[in-house]
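Below you'll find the structure, written out as structure tokens, and then a few comments.
A, B and C label the chains in the order they appear, each numbered from 1.
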């Protein structure tokens, strides 16, 4: 798969079809793949593909708006949901992107892997897909770890638009399925089951840890506003210091702004340096949108996100 | 150098004695994140850890800090300064890289116009360092900055793990005072022990950085900065987890009649960090902000304060960057450039 | 300043003088009588003005240190804090943190002939030095002032301009970009106006302050006229917060504009990469 990918990219660059290609490459730390911007054929051999490529690279396509030509990008099925929404929300034109689809059998959650192995993540030198598990190499030893122990949360509920118009596919791109006793909204339902005071206490404890680094916002494909609400000075909506009151409002407002647009990519949770389970918060918003509007972001090219749409015969029971 | 020994099983007792007189602060895990925080007992500590998420600079230059509160009644305004510290403190478990970072931050906050709150926290906090294990974290590269993870310099006491016990290097009078709180738990080393009990050297690849600053200075217009701006998300995590970063914001929270003026961390990587109210932005592009960061660490900080490079090789930025930017790779790229004289 | 470098001193607004549609002069005195007596500063320094609950804003001290007991600030209403300052009335309180920054080289220029070139709201920082020099007139040589603004209404210190025009020991020139029916003086931008006047660089130090584009063209003009970079001095503007060289915001090269500046000569600026792009 990796060889096929490199071949395709080499061809794209040789033909001048893209200004650069966005994919994954090995970092100096063997246990994770990082975003890679390849503009020259000599760099193509850096590109990798495997179970350590969970990051959603879609937001980087927005850079193409500043370029004359196109950018190429490697997309897992789940990542295409972001592209679909970016196109629907008029942030990029389809013809600015050369989309290469890659079949995916689940991606590893670094934090879960560390727990499962009981060793520091950086001792992992290789991870390979082996069907029902991952072959993980730590030092000299390779062992098989069952997928359900280390998959990213979103992989348990893998879904993506069948009809996404890839330019090239490296294989058949279908949703990944796994037999695991995990409900669609398991983490959310667990929290919903708590009495409200406990729920509030839970989130307050999380938001107290927040340092307002804004990484969740920068990593999120849907946060593309040229001037974010929270950066406005006149008027100033949130004070800069990371006090609980401000942090709470930051996260709740951002969650509501994402309603109908969140594609469950989990980037926000992955990048959070203080381990706030933002995934659960946004999953709750997704659940509400699904129940209220029967809508899931990024699944269809021709539907309009419910909160940026109105019909003349919309119900407005609150007026 | 006064070297003693304390068994691992006795360490907790000593630290608990310290906790009776001082505010004891050390690495503690919560929700799978290790942070430095005050503990009531040594049992809350996690000394078996790589490094904390937020650097212990947060104990001296906190993420949020009250400068003063204000109150307006009629025509009169009252300003009330906030005390920086209640009790004297002892920090245990701090790594040498983070200790070195404090020595660099001292230059910023304790020289010229003195930041009194920072200085008070430094003066009233003792440091019990914890030497790093071997092998260290893969992301670590402190030795490239000539930092010795096994040297007690900068600490009051340095603990070095030698299996069943810790070697205790007492570096200052304050350190002696702390040891004295539970003197019976410490033993002198026998001649044999002194020879044999040596913690293994902390092995990590060492980069030759002697030309880094000079080469960087010739790279003001280099395409490297545009290249870096591609993966960079401008999220600011690198600056928040960095032990030598010191940018901050000052903001009032409250109404015009009651409130507090806070100081809080800020990041030069944010688009509007240097944005002027007139709309002019001296560092409007990501490339310029990336360039500013690297120049600050490897050129302008050393030149302004007369220090070595303002990086201690802790590797936090490398581990946490969502875009995979690695400072070590950037340094290698700079070093690989042709020098001025070539 | 108190021991706490972030703690402002309280002062009361004594007078508010509108200068232009968006700019006013605020005259303040410290509440603490000892501070009122003892507060000193050098021409070119600035202070951080506080409106509690809104924030702080760095403003150049526009008065001369030869005037005792009060400070003058000329503030344009452009942001949150400056707009809040414009809501102040006589008797209201502000915080003042200062004096901050370096100063104009008022000692080194003794005996020299001085040329001041200001544009719009760039005049107040120059004015601190101008008034200082006029108060110590014998220490300095010739004084020539070239000032311009967008329109007659945008001229700052209108009454003082008249005063300078009438003084025999000051050579005064004023222009506006666009005139109106009240204006019968020269019309045109400051840089070409300056070239017309063509002041000689001999024994001269030039001080300039104004919009970045004006400074750029003025410096070009001065260099064409033979001025050395070391004899062209300006005061820079950057976003500031702490004002004491610690928060990392206002740096150019290894200099902090709030601490090593805001006054710099062009000789200094040419040595700092990126300084002249600011």
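As a convention for this text, a contact is a pair of C-beta atoms (placed from the backbone, for glycine too) under 8 Å apart; a residue touches a chain by one contact, two chains touch by 3 or more.
Keep in mind that what you see is a predicted model, and the values were worked out from it rather than measured.
Engineer: Using the mean of all protein Cα atoms as the middle point, what chain has its own Cα mean nearest that point?
Structural biologist: Taking the mean of all protein C-alpha atoms as reference, the closest chain is B.
Engineer: Tell me, please, which chain's centre (mean of its C-alpha atoms) is farthest from the centre of subunit A?
Structural biologist: C
Engineer: Where the CA atoms of subunit A average out and where those of subunit C average out, how many Å apart are those spots?
Structural biologist: Spacing between the chain centres: roughly 51 Å.
Engineer: Could you please state the distance in Å, as a whole number, between where the Cα atoms of subunit B are centred and where those of subunit C are centred?
Structural biologist: Roughly 39 Å separates the two chain centres.
Engineer: Once you find the CA centre of subunit A and the CA centre of subunit B, what distance in Å lies between them?
Structural biologist: 31
Engineer: Could you check subunit B for residues that touch two or more other chains and list them?
Structural biologist: 249, 251-252, 263, 266, 277, in rising order.
Engineer: Counting only residues that touch at least two other chains, what does the list for subunit A look like?
Structural biologist: As it turns out, subunit A has residues touching two or more other chains at 233.
Engineer: For subunit C, jot down the residues that touch at least 2 other chains.
Structural biologist: 79
Engineer: So in the complex, the part of subunit B that touches subunit C is made up of which residues?
Structural biologist: Going through subunit B, the ones touching subunit C are 67-68, 70, 72, 75-77, 79, 81, 108-109, 112-117, 217, 220, 246-252, 254-257, 259, 261, 263, 266, 268, 273-278, 280, 282, 292, 296, 299-301, 303-304.
Engineer: So in the complex, which bits of subunit A are touching subunit B?
Structural biologist: 20, 27-29, 32-37, 55, 59-60, 63, 111, 120, 122-123, 206, 209, 211, 213-215, 217-219, 231, 233, 239-243, 246, 267, 270-271, 273-275
Engineer: How about subunit C: which of its residues touch subunit B in the complex?
Structural biologist: By the definition above, subunit C touches subunit B via 3-8, 10, 50-56, 78-79, 82, 91-93, 95, 212, 237-239, 241-242, 244-255, 259, 273-274, 277-278.
Engineer: In their shared complex, at which residues does subunit A touch subunit C?
Structural biologist: Listed in rising order, the residues of subunit A that touch subunit C are 233-236.
Engineer: Give every residue of subunit B touching subunit A within the complex, in rising order.
Structural biologist: It is residues 31-33, 50, 53-54, 63-64, 137-139, 227, 230-231, 233-237, 240-241, 249, 251-253, 262-267, 270-272, 277, 318-320, 322-324, 326, 328-329 of subunit B that touch subunit A.
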